[in-house]
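In the two complexes that follow, chain A is the common piece, with chain B as its partner first and chain C second.
Moving on to the complex of A and B:
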């Protein structure tokens, strides 16, 4: 059973990630009053890219992309999707937190070897932005772990299943709000689409990728969307008892995120940092103090 | 094998290396390597032994004692292995320099005195070895002359302050208990009053906090690390700085004991809480200062201050998990910081001493082994899963979260996330990015530098994948302090509140990498291109004109640089300036005219007479 889960979980995540990418293009097009590409377009693109020629700037350039995608695949195994969670007992939230930062780190190492000015700027922005949203995110996660007195994400989900969603419970309400405020930054969508910024820095870290590199990076992007939303659903929307409901919750969160993406322009990096270190951080800290008071 | 023999080999090796250097320089280097490797091998045979024996009686009637137990062995093993690797690394590094005999003497003396410190069974020998260590370190830090003289002076002044503070503590112990024997003291001291224990903690704490560079007593470290010869940095950053950790463990858990040491003090101002908060402040502040550095060795120095904060956080709460995390982190930090300094050293050796991050770049193609060393080193420093730093940090975070200190846990976690930024800066600026024209023909590091780097890289992975090997030793140390035994398995720690299982993570990562690799291989092969062949969105980039790494995190620097400066270091420098001015003013008194001196005497007598007439004090 476990082996089936280990194989099934990444495949499901991959399919949903690609579906999200396609859906994003379709919905954005409709908001812009265009018809938009078919929903399978990203899959078609990935298959086409795999057959195309690519250039490499060295070993780290190649290994960084592979490492980044591999880490995203591993991370899927730690996240409960409904009842599916193959590696539930191997370190819990702290491992998830750490593995989450490996994917951008791999891309950064890979892009770094390309010696491209746009890639350099993109990586610098990505790491700065990550530090920006990690400050409130860590406070939020610590509040959740302190409230439920466990480091295991499976336990957090099951406790919410028994009582109520963390987002609607009193001590974690503010933490949930803060999480919603930083979710676009975690997913890298507008107004925080600073890293890729196609019009400014030609896709940033991805600028040197072509052919199979770009295909792998696209898959990684899809998985990234999946992970960011799945973590939120597990921590604040109570996870789910079975996979379909879990994916439904994820879909709702993603579509809401797309509306924000369509409505807001891109911030500059320092504006983004100022926003992230001000309101979400403040709210998250107040949330954590409430959790501590209730715990006492 | 007796402990006297070990110390004789250690100190004798140092002196003989010097003599050989004077008589027959060709055999000095091999002799230094053989003696330090032999010491490490002898140390391994000491595993699990407990013994104690006096070696000298003549000092003021106090016996000088050597003893060993698991704690001493653990530190001694790390010291001797890292010391041996540093000696091997030095082989080529100092070959063409001046005063190499002196260098080897001081390097081996520093190693030997550290062994003396951990094996010392009484405070007199502890103090003597502590001073030998401080002075030999001082001489090595100022080995390069120039700026290094100032750095060494900073180090030795702070070191003396610490030593004096420790000496006062020892004298008070002697005055009250009439002995300085550690085993006897550990039976007597726990029954002392709380006030006296706090007094002891503060006096010894100052000495050990200075050595461990705990804020606000850290100011010696960045300059000392940056200016000392890079081949000595391994010894200095790996274990020598962490003698402060050994001291803290000794005073808190061996002498006073966990039962009295924890929760000592009024209200929330408990000794261990204050220690933990100092650790947390150290982590956050030094992480952001490290981010602003542009000198590879200064950057590593600031990061080492921050990592010291994690160790303090680990041991401050006195739970079995936290203690294990703190001690394990001391070992792990030593392994990866030595590796990082060696990597910087190899780059310096090949690029003519260049350590400015903005001038290097692209060396991955020229120095692959050094790059792998640096990459694994920063992985350990960040604490990426499957490297050693992850396990110890996991233990520390878990302690903080489960003990209900989310703010401290936040400080520790944000320190790690800031660490990613400067780690990436470190590895990117040196090894990735553009390779400047002048470094196109740089050769690989010599074998004597590659060998220690390869060994340490393997150790990082070994302790990351099978953390049970060192954790079992650490668990024995914990139980000897009277803590509950942990459920340690070879690949992690099991408990009800969250289990760590590195072998599962390892298997998953390997499987994922293989699958992704196979998918990648199925596609058409990528064509390798030159580094200038990049896409710049239509703009032409002149060759070797721009350096993309300068001011890498510019928006972030602008945000944090007003708040994260070394205010304490600046204050110390100001204080030194004032003292100098005052002393200079006083020196003006010495005019050399006998008439002036007579006038001083007459004025002083007049003052005394005036005071007597006015207040009649005498």
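Moving on to the complex of A and C:
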């Protein structure tokens, strides 16, 4: 049974991630009053990219993309989705904490091998942004762990289903707000789209990616969307008893994120850092203190 | 998507992928680029057909040469074209790349772009309307279906001729040949 889940979970995540990418383009188009591409457009793009001849710029260029993709797939195995939780055990949260930083690192290693100046600017932005959202994220996760007295996401989900969602309960309310504030940075959507700014640095770390490398990077981007939202749904929206409800909750969160994406312009990197280390970190710290006081 | 397309997708997924995901390199080669922003934004919305602009030649497979080509721009065009990954399609947009257009007697513009890089299709007019780009895209679909959009293959098989034309214009080229030249010359001889 567990083997089936180990195979099923990445495939499901892949499908949902590609669906999210297609939905993003369609919804953005409808907001612009355009008709928009078919919802399968990212899948068509990936098929086209795999069939193109691709140029590698070195061993690290090839391995970095695969490394990043592998990190995302490992993360998915540790995230419970509804009842599907292949490898979640007592310390799942710690694995997520560690591996979550490795996925941008793989893209950074790979893009650095190409030695394109645009790629190095994109990489420095990507790692700086990761540093920006990791600080509030750590505080938020610490608050959640302290409140539920466990490191296992499965236990957190089941505890939320017995009582109420963490976002609507008092001690974790502020932590949930802080997570919502950093969610666009984790997903890399518009106010924090600084890493892949196509207009200023020619899509950043992706600048030398073509053919199957770009296809793998696109798939990784889809999985990254999946991971950021799934973690939020699991920790603050009470997870779900079965996969369809879980994916429905993810869809709602993602569409709300898309509206933010459509409404806001792109920040500069130092504005993003100032924002991330000021408001979400402050709110997360206050939430943490509230959790500690209530536990006493 | 109608039922005929499902069979086509199963038979040749790569070809259908090339058809419906044309990523155009956003390279402002001349005055014709002014027609591209309306095409990709809300008024004409090229994304319906899967045509979107991308920032780098590595991610692209459609190259729109929009407007006149000066000698200096041609150098950049050739290098951009050679960087694009292999099934790639080129469309000359406007009269200038076809025969020089209104710059027919200029000392500094290219009269026939087809001598330097292979072109899969032309859009005539000065300026062509944005609708002409959609007509060109649908024509390109037909060409891809019939395997007639083979500019990249022609570039490979006739590379020594294209290279000779480029060298005739620029003198010594700064970059090494994309394909080995000696084999082709030997094959001819």
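FYI, the second predicted complex is superposed on the first by the 294 of 296 C-alpha atoms of A that agree within 3 Å, B and C clash if a C-alpha of one lies under 4 Å from a C-alpha of the other, contacts with A are read in each partner's own complex, and residues count from 1 in each chain.
Definition applied: contacts are C-beta pairs under 8 Å (C-beta built on N, C-alpha and C of every residue); 3 or more make two chains touch, one makes a residue touch a chain.
This one's a predicted model, so the numbers in the text were calculated from it and none came from an experiment.
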item: First, second, both or neither for A:52, with chain B first and chain C second; value: both
item: Touched partner set for A:283, first chain B, second chain C, both or neither; value: neither
item: Touched partner set for A:79, first chain B, second chain C, both or neither; value: neither
item: Contacts of A:115 with chain B and chain C, given as first, second, both or neither; value: first
item: Chain B versus chain C, judged by how many residues of chain A each one touches; value: B
item: First (chain B), second (chain C), both or neither touched by A:211; value: both
item: Contacts of A:202 with chain B and chain C, given as first, second, both or neither; value: both
item: Contacts of A:25 with chain B and chain C, given as first, second, both or neither; value: second
item: Which superposed partner A:273 touches (first chain B, second chain C, both, neither); value: first
item: Interface residues of chain A shared between complexes with chain B and chain C; value: 51-55, 202, 207-208, 211
item: Contact footprint of chain B on chain A as seen in their complex; value: 10, 50-60, 62, 66-67, 69-71, 73-74, 77, 87, 89-92, 94-95, 97-99, 101-102, 105, 108-109, 112-118, 120-121, 123-124, 127-128, 130-131, 134-135, 138-139, 142-143, 145-146, 149-152, 202, 207-208, 211-213, 215-216, 268-270, 273-274, 288, 291-292, 295
item: Contacting residues of chain A [partner chain C, same complex]; value: 25, 29, 32-38, 41, 44-45, 47-49, 51-55, 198-199, 202-203, 206-211, 214
item: Chain C - residues contacting chain A, complex; value: 1, 13-14, 16-18, 20-21, 23, 41-42, 45, 47-48, 50, 54-56, 58-59, 61, 84-87
item: Footprint of chain A on chain B - complex, ascending; value: 361-362, 364-365, 371, 375, 383-385, 390, 394, 397-398, 401-402, 404, 406-407, 409-410, 413-414, 417-418, 420-421, 424, 427-428, 432-435, 492, 497-502, 504-505, 508-509, 512-513, 515-517, 519-520, 522-524, 526-529, 531, 533-537, 541, 546, 548-549, 552-556, 558-559
